[in-house]
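Note that chain A is present in both complexes that follow, paired respectively with chain B and with chain C.
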Partner chain A sequence: MGLAVEHDLSVKHRWPLFILLLGVVNPLVGFAMDCPLLVVAARSAPIDYLSRQEIRRLYLGVPLQVEGGTLQPVRNTSDTMLQEVFLQKILAMSKNAYRRVLAARLVRLREPGPAEARDIDKLIQMLLANPYLVSYLWKSDFPENNELKILLEVPCVNN
Partner chain B sequence: MREQLRRFTGCLASRIVFAAVSVNLLLVSLFYLAIVNVMVTNLQEDFVSTARVKSDLIARLLPKQMDSSSVKTALQDIMLAGEVVYANYGLDTPLLTSGLQDSETVFQEDFRFGEHDDQIYFISVPMNNPAGADSLHLGFSEQGVQQSIDQIYYNGLYLSALYLLLLIPLSLLAARSLSRPIQSLRNSAHTIAGGEVSARIKQDTSIVELQCLGEDLERMRAALVAREAHYAAVLDNAAEGILVLDDKGCIQTANPSAQQILRLEADDYIGMPLATALGMDGDRFSGHDGAFHLEGRQLLTLQSTVGDKPTELNIAASSFQQGGRRVYVLLVQDITRHKELQDRLHFMAYHDLLTELPNRQQFLERLHEAIARASRYASRLAVLFLDLDHFKVINDSLGHQYGDLLLQEAGKRLKECVRETDVVARVGGDEFTILLSTIEQRTDAGQVAEKIIEAFTAPFDLKHYQHYVGVSIGITVYPEDSEDAENLVKQADTAMYQAKADGLNSCRYYSEGMQRSAIRRLSLANNLRNALLKQELSVYYQPIVGVRDQHLIGAEALSRWRHPKHGWISPGEFIPVAEETGIITELGVWVLKRVAEDAASLLTELPVLRLSVNISAHQLYHREFFQVLDTIAIDHPQIAEHLILEITETAAMVDVDGASLRLARLKDMGFGVALDDFGTGHSSLSYLRRLPVDVLKIDRSFISEMTESNHDAGIVKNILALASNLQLKTVAEGVERQEQLVVLRDHGCYAIQGFLFSPALPRRDFQALAKRSVSGIGLPVQPQSSAKA
Partner chain C sequence: MIITEHFLRLTNKHLCLIAMLAPTICAAQTSQQFLVLPEFRYLHQQPDTTGNTDEDYRVSLDLLYGLDVGQYRFFAEFTATDDKQELARLHAGYETRGGTTFWLGRFDINHGYWNKTFHFRNYIQPSIQPPGIAGFEEEGGLLPAHFAGIDTRHRWALPDNSTLQLEAGVGAGAKFNGKRLEAYDLLDPDGGHKPSASLRLSYMPDAGSDTEVGIFFVHNRIPMAHALLSKNKQRVLGSYANVRFDALRLYGALYRVDNDLKTISGRRQDSFYTTWLQGDYHVNANWMPYVRIEHSNGRHSDPYVALFPRFIRNRQLAGLRWDFLDNQAIKAEYARSDFLHEESNQWALQWSMIFP
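Entry: the complex of A and B
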């Protein structure tokens, strides 16, 4: 996965670490990625396709009713680059902007943001356990046993 | 240079500046990096956010069905605003803003600001448009944000550098504000170290710690001042001189005692070499190497001449290292006075201070030396022991002041009577010894003794009075009498006592018999006090008979001692012992009381009888004598006019004025007064007129020889004539023969006393005799043989 920085540390822990790593680690160093990005759900999910706008709304807190229930987004925080690609390609937002949106919803509407999965295996388990969960991952992480299905494939070219 | 650099880097100010700059540099760096990075990150985040939002909006606004010309036009319109510098949506060639080269601008999608070094943030927006291209490619210029970021970096650096530049002078100021009071305190401490302790330590700082340090230093200074004052007081008041010398032996400090001892001028002695100060050779204290040398603690006694007076100094030197140089501290004592005192003590140990004659100690040492010499050369020497007659009377009557004068004069006369080689010493109160270091014959000592007795016949001038004092001398000769020094002195003493017993004012050679007498006298002295208590003493009365009718007119009370072992002891033997031992006063009081009691009983039958009692000079001048008489007068009111108190002429002449006053007081009390042993003393007519006496008792020595010696007869006649002229009654003592009675009667003697009529009788016998006399019967003359018996 190359050099990857954990961006989901709390602010409290991030600043000292950031300061310590200043000048040592350049976060702007280029990195490789396993494009494309796939938006996935369990094979048993009641939907087969979601548009980019639908996914964006879903992750920005707009409920998306489907047959038998409401889809719930899950953030894949296992890879920082994956998140950046997802934010740029789907949400069209920066990381801080998305964090502010989630914080505003939490404050105003008492709605917690999307669930998080820091591990691919755990994410897959979560998706398999709930057909209404939607998440995203690199295509290389997509399991080959057909337990999941692809709702949207987002191409990306970095290098 | 290197030392200056070391001092500079070591000084407080530079260290404070260095520390402040270092700490601030570190802090500024951290804050700079932190703040700048936060700002930069925020700028980049905002840029990325804006780019993403705008690219999404553009993608949404693009119509789904457009030909390439319309797309191109729409994209060109979007690029007119300048933010989007690259756009492509299904075109053959991307649209570029002016200034960008097609060949240099390659689309590489960015997900972070500046991810690729192309200053353009490329975004590929998925279009999901089956009729159009798959994605919209947009490029946003990063230059504006990058310029802002650069500006932030530059401004941060500029501000940081400015801050650090300002920090240096500020920290210098702060360091100076800290170092200045420290330097001030250091200067004060330096001043104090230099010996100037009077100035108070200034505390011109608001820094609490330095204030405390200043206060502590001030307390130290005050303590130092107090201690210095203390030591200065010790130095100033030290009896010993204290000198501080440098390593060359030059005086640096001298306390007042040292200045006084060495006669140093107050301003002159600083830097003066010690040898110069002591008036000695310059190399006196130089060692082998020529340098000043007074190492270690040592005592030196230096005989030096300081000023015009030779001074004996005792110098104790010690040294120590101070500042790499040796400093000497000398304690100087002027022991001249000490030596004088030593000599004085030596003189006192070997001399009598009153007469300045050698004392017993020196006399004995000289006698030992003389004996050794005499033994070696087979020569003779003599020891004379002298005692002034009646000296105690002089002391008692005139006081010790006159007694001392007499002793001094006596000492001078003694020295005049002997050779230079002889030794005259005072060995007791009125006792002198003379060592005649070499004599040819035994009789030479007697000649010297006679010379001394002759010298003492002249009166002593004691201030306004002249006094006669006799001297009794005992002589012993080496080697005939003894070869031992102490024994010779003892023998001479014994001989002197014999001379006294034989009648005063005479000399006697020592003989073996004298020793026995001396032992007997000692025995008598021991027994005499007990004799009074045991009533071994009694009073006898020797009748006094009127010359014309031979009737009893009175009696003289005489004490008698019957020792249980030795039998009768003569008054001539025990009275001198009583006088020597002081018992005479007690004995006199006892006799007085006894006579008073006897008189009281006798007077009932013999109302005209008058009893005479001998009063010694000791008694007359004794402080309690008149109290005793008062008691007697109270106990026996009528007795006073029947008692005649007899005092010897010699005792009266010692202090005529004192005796006159006391005798007058006796007469005032009603007692009669008789002058006993008249003719043996040195009284003159003028003295006799001053003495308030009623009776003159002519000494037996004149009476006994008066019929054989015209000289004595003349004396008796003159005394009788004198008494007649002075209207005094006379009593002749020691009348033993009829011829004497005839002569005395012919020349007008009033009464006689002696064996011619009666010896001294016990009270009962006297009473019987008195009764017969009262009845008109005169006393019969005794046969000479029985009378003497």
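Entry: the complex of A and C
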């Protein structure tokens, strides 16, 4: 009898439990994802396209020379999920792994990690002030006034 | 807390200096990074010859700060243990648009792989004990490890995604104080240091990974506070490599050391080589066993080597590293070491973390 009651309960609560488990197992649940993710620079930037490999190297600290100067990456830390997606999709590493890479780089090469922008408005101001800066944001945050250009569009689904 | 305040006072002082030198840099692109690395270590040694045991506890704190403001560079590393505080590295630099960086300050001498990659003995370092030849001056190391002066670095990005890097430095090196080498201390400067010059060429086939091979050359002039020896002209030549095969990381270095000692009655020369090879196996993100072998043909009959009783002639070391809670690590290791005059078994345990 007791077993039957337990069985009934498990059937009754299967879907809520499943959804709850999804929330625990899948870190994407509970965060806003305004896909796709865009890698952007100012409209006046001396480049029109960057490959994933070039962006990866840039965020790992490898200088990327372009006409008239060197590109500099900026981390958009305004959104936790955006950071996670960017690191997974472009650098193929977790936030903690990236943190370790930056720490090792500081010890070895005396170079701090990329500059950070903690809100979108500040990020856009930074990009507009310096055409050699590169960063990333959700498509929903992309300004419609034509001030920025898209260097790469990164869909959230695997491709 | 006192250490942190001391470090921040230094940092602020140097930030003001940078600001005074270039008032316009505030408008330039800025990036900075601050790391705190505490550590607790226990080391148990049992020399075979006497049967006596030696136990050593150490608590240490390593603070690192890096700042880039436009073309200007600043870097500081302050270390404190339970018995010593040291401004291990302090650099102010300028990077030209061509990619060459000129630094002024106190640096690691441009040789080997271990200290250039891990520097301090904590979370960043895969094992607990460094190879003997990489020992710092205060650890009884046989080679000068720091100099104060000018260091320059240039990187060439090659077409096949590889990078070539040249580092060269010259400045005040170490002196022998009768017991051990003594580097130039920025917090307690003193005289009597002679020039040290070093050159290190590295090739990184994939700039996105840490695979690296390189060669180095060092010339040290070492004043000797010793009854029989007055100075030493030391040359160090060597190579190193760090490669990865999936979960296996292999890295090591080879040194050739030549000493030209001036004695009260003339000159004496000795030369020896020393090498180490370490393998780390990443079972997963949390567990990493590692092994290392070290060997040298330096002997107690070599006049320079004889000054360093902790010099390691042979060592076999094995350990296990456990990374947990994202930013902490516990390491345990055993080493069988042949010092110059005795053989020793060593057990070590270390907790370390990195923040943020």
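One rule holds for everything that comes next: the second predicted complex is superposed on the first by the 125 of 159 C-alpha atoms of A that agree within 3 Å, B and C clash if a C-alpha of one lies under 4 Å from a C-alpha of the other, contacts with A are read in each partner's own complex, and residues count from 1 in each chain.
By our rule, contacts are C-beta pairs under 8 Å (C-beta built on N, C-alpha and C of every residue); 3 or more make two chains touch, one makes a residue touch a chain.
All values reported here derive from a predicted model rather than from experimental measurement.
In the superposed model, A:57 lies in contact with chain C only, and not with chain B. Of the two partner chains placed by the overlay, only chain B lies in contact with A:155; chain C stays clear of it. In the superposed model, A:146 makes contact with neither chain B nor chain C.
Within the superposed three-chain model, A:72 lies in touch with chain C and out of touch with chain B [touch as defined at top].
Residue contacts after overlaying the shared chain place A:92 against chain B, while chain C stays out of touching range. Once the two complexes are laid over each other on the shared chain, residue contacts for A:110 go to chain C alone; chain B is not touched.
When the two complexes are overlaid on their common chain A, residue A:133 makes contact with chain C while staying clear of chain B. Chain A residues in contact with chain B (one complex) as well as with chain C (other complex) are 96-97.
Within the complex formed with chain B, the chain A residues making contact are 15, 18-19, 22-23, 27-28, 30, 51-52, 81, 84-85, 87-89, 91-97, 154-159.
Contacts from chain B toward chain A in the complex involve residues 30, 33-34, 37, 42, 45-46, 48-49, 52-53, 55-56, 107-109, 111-116, 123-126, 128, 134-135.
Only residues 29-33, 35, 64, 66-68, 73, 75, 89, 91, 97, 99, 103, 116-120, 124, 155, 157, 161, 163, 207-208, 210, 285, 326-327, 354, 356 of chain C touch chain A when the two sit together in their complex.
Residues of chain A that touch chain C in their complex: 53, 56-57, 60, 62-65, 69-70, 72, 96-97, 99-100, 102-104, 106-108, 110-116, 126, 130, 133.
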